[in-house]
Amino acid sequence: MNPDAILDAFAAGKLTHEEAKQQLRGSGFLDAGCAKLDINRESRCGGPEVVYCEGKTPEQVSNIFEKLVSHCGRALGTRASEDHFEALPDSLGATYDVVSRLIQVSPEQKAGNGKIVVLSAGTSDLPVAEEAAGTAEFLGSYVERHYDCGVAGIHRLFAVMDQLQDASAIIAVAGMEGALPSVVGGVAGPPIIAVPTSVGYGANFQGLSALLTMMNSCAPGIGVVNIDNGFGAGFLAHKINKQTLGCK
Amino acid sequence: MNPDAILDAFAAGKLTHEEAKQQLRGSGFLDAGCAKLDINRESRCGGPEVVYCEGKTPEQVSNIFEKLVSHCGRALGTRASEDHFEALPDSLGATYDVVSRLIQVSPEQKAGNGKIVVLSAGTSDLPVAEEAAGTAEFLGSYVERHYDCGVAGIHRLFAVMDQLQDASAIIAVAGMEGALPSVVGGVAGPPIIAVPTSVGYGANFQGLSALLTMMNSCAPGIGVVNIDNGFGAGFLAHKINKQTLGCK
Amino acid sequence: MNPDAILDAFAAGKLTHEEAKQQLRGSGFLDAGCAKLDINRESRCGGPEVVYCEGKTPEQVSNIFEKLVSHCGRALGTRASEDHFEALPDSLGATYDVVSRLIQVSPEQKAGNGKIVVLSAGTSDLPVAEEAAGTAEFLGSYVERHYDCGVAGIHRLFAVMDQLQDASAIIAVAGMEGALPSVVGGVAGPPIIAVPTSVGYGANFQGLSALLTMMNSCAPGIGVVNIDNGFGAGFLAHKINKQTLGCK
Amino acid sequence: MNPDAILDAFAAGKLTHEEAKQQLRGSGFLDAGCAKLDINRESRCGGPEVVYCEGKTPEQVSNIFEKLVSHCGRALGTRASEDHFEALPDSLGATYDVVSRLIQVSPEQKAGNGKIVVLSAGTSDLPVAEEAAGTAEFLGSYVERHYDCGVAGIHRLFAVMDQLQDASAIIAVAGMEGALPSVVGGVAGPPIIAVPTSVGYGANFQGLSALLTMMNSCAPGIGVVNIDNGFGAGFLAHKINKQTLGCK
Amino acid sequence: MNPDAILDAFAAGKLTHEEAKQQLRGSGFLDAGCAKLDINRESRCGGPEVVYCEGKTPEQVSNIFEKLVSHCGRALGTRASEDHFEALPDSLGATYDVVSRLIQVSPEQKAGNGKIVVLSAGTSDLPVAEEAAGTAEFLGSYVERHYDCGVAGIHRLFAVMDQLQDASAIIAVAGMEGALPSVVGGVAGPPIIAVPTSVGYGANFQGLSALLTMMNSCAPGIGVVNIDNGFGAGFLAHKINKQTLGCK
Amino acid sequence: MNPDAILDAFAAGKLTHEEAKQQLRGSGFLDAGCAKLDINRESRCGGPEVVYCEGKTPEQVSNIFEKLVSHCGRALGTRASEDHFEALPDSLGATYDVVSRLIQVSPEQKAGNGKIVVLSAGTSDLPVAEEAAGTAEFLGSYVERHYDCGVAGIHRLFAVMDQLQDASAIIAVAGMEGALPSVVGGVAGPPIIAVPTSVGYGANFQGLSALLTMMNSCAPGIGVVNIDNGFGAGFLAHKINKQTLGCK
Amino acid sequence: MNPDAILDAFAAGKLTHEEAKQQLRGSGFLDAGCAKLDINRESRCGGPEVVYCEGKTPEQVSNIFEKLVSHCGRALGTRASEDHFEALPDSLGATYDVVSRLIQVSPEQKAGNGKIVVLSAGTSDLPVAEEAAGTAEFLGSYVERHYDCGVAGIHRLFAVMDQLQDASAIIAVAGMEGALPSVVGGVAGPPIIAVPTSVGYGANFQGLSALLTMMNSCAPGIGVVNIDNGFGAGFLAHKINKQTLGCK
Amino acid sequence: MNPDAILDAFAAGKLTHEEAKQQLRGSGFLDAGCAKLDINRESRCGGPEVVYCEGKTPEQVSNIFEKLVSHCGRALGTRASEDHFEALPDSLGATYDVVSRLIQVSPEQKAGNGKIVVLSAGTSDLPVAEEAAGTAEFLGSYVERHYDCGVAGIHRLFAVMDQLQDASAIIAVAGMEGALPSVVGGVAGPPIIAVPTSVGYGANFQGLSALLTMMNSCAPGIGVVNIDNGFGAGFLAHKINKQTLGCK
């Protein structure tokens, strides 16, 4: 409830002083012991709370998934291992993808809307690209993938040029020198989300080289997310795509 | 012209072999001596070529502005000094804003469309915030500004909460620790573009601290642009906003 | 003994020339072979010498614990493994906590005094938060824990606001972008000790991002300790709390 | 007003729905055009909003000072130049200190309470040390200064040892290798606030060397603030000191 | 003289024991007071000693130029100011170029041989590109320039593609994200020398971003020189070109 | 086909509109499922596409090798493990070298041409040096190796001086302080390719120390490749060497 | 042989032209296949070539040890594992120390001369301290050890003060903040060699913090060696000590 | 006085309790207002307190020089400007050197003892080299200078080889890649003090490149001081030299 609604309810006697105060404090979360689940995040932020599984025990993940599914009807887990997946009760009907490491509980699978294009520079960038694609699909976007389009053979990118211009957003995933988003930014109109990956060696410094390249792109209109953060890119692309869904 | 059109024109005898080859080479640029002006960028990339004035002489800027205005009808210059502005011929009808350091030639000033919100954490972040706002306005977006909303007094942000939810995109500008986008990402639905500024001292390291904060945000759905790069943020926000214009 | 006392004892003949010189040299330590135990540290520095167990063999830790307990009546070990714990003789009555990795020998367990609040941004920050809490409790402070209050859902922090204002000190533990202490610093009066954690990935750079955020906080009144250094935070919070114990 | 008070006033009809909503939005700030002054910060955070003058025009500073003094009775400006000071109306009765670069409007100068010790390693660290000292004094603490006590001649520190033990907090300011807080932490009981300065050259890297030293101190109980941030250290020390004022 | 020749001369009595020893010590340099001029460097290393003027007084530069010209017949100075140039005696017949900041004394101007292509990404990279071009020309290579070919409008690069394939070496100069050499490496056969420039702002970190990009290029066959080091690139390109001169 | 040829073929009716468009799009690649193989790279860039095996499954590598060999007659794999090698079908006739970790399919082994010298500073730099040497040999160059010539015993370098001057290119491989290329650059004429290795410890920072040394060399004419990137060095050296093959 | 001797021998016919040339080339090394052993290093550089075992196979180490012992009568190996040690033939009479990881073949064990003091800040710094001590002893110096003297309890250092002043050199080994050498430099006269260790966590950055501290020491007369480089410190200390041996 | 002497004097009644305590506190310093001068440092640390002038006003420097000269008979100031020098009273008989920026008051100029060799790689390293040389001379050492001996023309170093071997210590000053000390360490026996300078550009990063090179030197027996810290090198070299003075 927003302040307007709370004040109205309080004035109408539907909420006591203490209840109103609690509501105003914004206690819209669910206590799962080790975590406070933010169950109103979707209406507030454009997407549900997502479970970052790495570093959590299978039991904790299972516990959180059950709470989230019973309240929100669905749930997404990132950086999940097979152990996390196997700890979930069968009744949840969860699925697991070994490349993107995503666990999804998404009962009413509807076709995605709008279009998001996910580009990767090389084959080794696939796990990150797939995390981005899977996240956007879970949230309800339609995703088109074009992989291995890096600048060392730039004609491979030009072969998919026609597919870029009518996307709501383009996610460009690249490691090593990370030049792909700059080139895409110079040839395509949609907003571009650049994802540096830690693929490479030596002076790549675990993705720092690609991150700096993307921050410094001479082509404007590029937003960068964290190294290897396919999830963040998929989430942002969906937020952008969602705004256009009503009109296409 | 795209390859389809060029081939058709060539088959129809409207282009000679050499002309077709030139077109296919993509020579859609204008030679201004020291620079090759990319006059088709707007149709290709969603925005015109913009003149980065810093490091150019007033004569070079004037030369480039005249060429751009005569071909594209308008022009935008960033990081401009008063000297750059004064070197322009009066006939261009250019305007200059001393805070954002933007020069604009924009004859048919239409009311902006959609809505982009620009937030700044502090008063010192104004030049960057204004560069972002001015850029988006030049490109045709409607912009709403809310400044000095940093997290050290977070109630100042909450006072403008209602204005955030119906924006096409939110630009959050912050220096020092750069925490503003994370907090906004936790309370608002639209896509967020985070701009780190070099405001701060000591271990801020010229904006690196704010940049890292924004890259690592625990709230997903945030794209980051370069330090102090208000122009890039305004450009990206406009790209996002433009897609929704037809349907609101 | 301080110089005054030593000189008096020497003048009174209670100390020989050589004994006085030794005392003046400050040899108030205990030789444990591989280590010189600083048995007077509590009176001098407000807390006893604490054993950093990582990198020490179980035998060394056992040896040091026996010496410390026999001289000081109690002992605390940090970064301890189960192997370290199991090497201790049962007679010490030591306890071990697997999350905080603390070994405690603390025979006369008195209720803590004053109040220190420990906040964590996420569930993954728990080991560091618990190291801080356990350290402060061992030293004699009363500790209140509020976990998973990060800025991506800031209403979870506001729900515990009332508990913050009457603390002697607040320990705010956060990884990723580390924005929690800035927000707390903007809403709460007590001194704040910020602890960056290495939780996160990519451009987090093992906690560097959170550390820089906390150093650059726009909210003043925040002291930062080393990455993952829960022990240091608990120690400093206790030092602050101890000064107020006489008057509450 | 806190939520309790607002709800009571609303229930009692003293606030309209809109007024209550505004209050709950937390609009406890003052609009000074380019800035939103946080006039309730003292009650909320233990200290008033302080004006960081660097990067503001003399007119802006003057404007803000007048607003703050008329609402809060006093004001403090940091990193101020003489130009800032001279732009203030005489009626404010402001004073300026050229070493610490502080402007103070502090009409009823009361003797400070408690005791904070400010130590500096060298003579070049004076501006930072004085900023710390002046800030704490402005806020109401009693401050004792001991300068040029660096570890290259550690007997100079030992000569002031007696003065350290009864302080509420010790501020240790050091550049170059920044070892002073570690040594103080090994001989003195009060909480220590370490301030790295950018004094030094070459591999000092503008204070980074001292900052890292202080973060890694082997003596626990040390909180670190930003490089050259004397203001932050003074503010934190006062917060700690304030808690003990009632009982000494 | 090489060891062979020295030993023969010594055996033949043409060199005394002391002279032979001196020769073997390799004292083939000229003492100019503050500097030891390496007059045999051309035969040994493929290019003469070149004077780095920055940080030298005009008198020192003049002194060194006179010595070099009298021994080697010509001389090149880099990073020279107009002051350096004006201090030279007219008799040397030196010329100065204000963009590349090169001083040349090169009496018998012959047409260059072979072909080196110098590409720049933007207009602001010109000073570095011209330093490279001028250096290679001084050493005797023929140079072709193509400027403002950056990846934000990649068709501008494709327009000059035919000119790339028959070069002995390509110098690709770029600041900001520095992606130009990667793209060139993916379309052109000759060896590529990449020169990062410090052009850009924010997270460019004075050229570090471009340097890392170039080091991590996914296109092999690229050698990188120091940031802004046009001279080094021109020198290396000439070394490569020189080897092919006999056969084209 | 280049644009000229495509247009001619289209005009002559040998290509349909769609075929011409496809050709112009530059679809000269081979789809291997997870990768787009760039089969024309040799004619375009002076060397074939090379398989970076690390991070690929043995099945993927085997699949790619078969495709490449059937189209190009030969193939090179870098950073290969024995598992990669063993997954290849015997019919390919591949060989594997455990030091350089190269897999080669190179049926018609001809003697190499020209001469490339590979120098290493220490014995630990061998894997990188051998990767460079093996790559250049695969591409068709003759390679001469001189190892353990580091600057701590510089007479070991001078003993091979005669062999340096007639090389087409010198590859200098060094870890630790990486000073070898500077010294070689001061005594030898051919172009030098410097390869920093990650050999060393402490402040070597995984090769960063050697990389910076080589970037800053006071001897001009040195191009640097990425840390441990023997492949890139061998490729660049071959590109340089190839240009001289016709004339020696 | 130095040039004088070679020329004399050549003039006297004791060396042929070719032999003299070889000698002048300085071929004073021993070819061990994978390494060129520098057998004259002791007379030239004040200490023999030492075998860095890490990264070498046991067979390589055994091979090198046999060659060195047969030519030089003794040998030292650093960073050795037990596997390296066990591969040596018993006939060498080698010894191995598990803390310092040194292998020594040193048949005629003479008492050390002069005095070198090795100080360590903590117990965890022992492996580095012992590597330093063992190296200096192998080379012939007398070594005195004082461990666990860190600045968190500085009286432990003062207790050994008398032992410092008559040393030829002091080696101060410290991790974490690395302040020990600064304090020693302020109280003791002999030259000090500072060794940063990688002991610590978080913002210690694998020893970088301690390294910077030592480089920036406000006490002059301190030379720093690489992180964890006990060997280098022991070698340098012995070089200093050796010069005083004749006169004490 | 050391503790022995103080206790004896106290026992003998020559010191009161308070005086003894003061002495034991080690108050052997002189209060100069803004600084505590450490007048016993020479006997304790092997060299007098030296005045770092940069950042001090001419008046402060003058004040400190007068105090030091009246107590110690002589004084040395580093990083001094002409303004500092001119503020000194003529009666002090001070001298100033504009290259090294040293002020010396050294009335009884005796010939230096022992021998220290100062090498510089280039002409631009002179100010640092001269600071080192001047400092060592002031302290009483004999200094021999050999400048412009960098590795780009290594025969210039070999020409002075005979002068290196009989030095007590060698100071090797180098910027850019900083390889000089490694090469010297491979050919000369005396202890080597390496001084990185900030000379260079681009990826030199203000001397960091040279510093890392020197830390990682593969030649052992090298101690490194801070970037541009000629003073520290001269001081350490003198400390080493002093120990050998009695026996030569």
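Letters A, B, C, D, E, F, G and H name the chains as they come in the text, with residue numbers starting at 1 for each one.
Operating definition for what follows: a residue touches a chain if its C-beta (ideal position, glycine included) is under 8 Å from a C-beta of that chain, and two chains touch if they have at least 3 such contacts.
The model shown is predicted, which means the values in this text are computed figures rather than measured ones.
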| item | value |
| --- | --- |
| Between chain C and chain G, the fewest steps along chains that touch one another | 1 |
| Copies chain B and chain F touch via same or different residues, half shared test | same |
| Maximum centroid distance from chain F, chain identifier (CA atoms) | D |
| When chain F is superposed on chain H by its C-alpha atoms, the rotation angle in degrees, nearest 5 | 180 |
| For chain B paired with chain E, centre-to-centre distance based on mean C-alpha positions, whole Å | 38 |
| Centre-of-Cα separation between chain C and chain A, whole angstrom | 38 |
| Rounded Å distance between chain G and chain H, as computed from the means of their C-alpha atoms | 25 |
| Inter-chain centre distance, chain D versus chain F - centres from mean C-alpha coordinates, in Å | 58 |
| Junction residues of chain E, two or more chains touched | 25, 122, 152-154, 185-187, 202-204, 208, 211, 215-217, 219, 226-227 |
| Touching chain combinations (by label order) | A-B, A-C, A-D, A-E, A-F, B-C, B-D, B-E, B-F, C-D, C-G, C-H, D-G, D-H, E-F, E-G, E-H, F-G, F-H, G-H |
| Touching residues on chain H, where the partner in the complex is chain C | 3-4, 7-8, 10-11, 17, 20-21, 24-25 |
| Of chain G, residues touching chain F in the complex | 25-29, 34-36, 38, 41, 49, 52, 55-56, 60, 196, 198, 206-208, 211, 226-229 |
| Chain B-touching residues of chain E, taken from the complex the two chains share | 122-124, 126, 147-149, 152-156, 158-159, 161, 199, 201-204 |
| Parts of chain G lying in touch with chain H, wherever the complex brings them together | 44-47, 50, 168, 185-191, 193, 211, 215-217, 219-227, 231-232, 235-236, 239-240, 243-244, 246-248 |
| Parts of chain F lying in touch with chain H, wherever the complex brings them together | 121-122, 150-154, 176-179, 182-183, 185-187, 200, 202-205, 208-210, 212-219 |
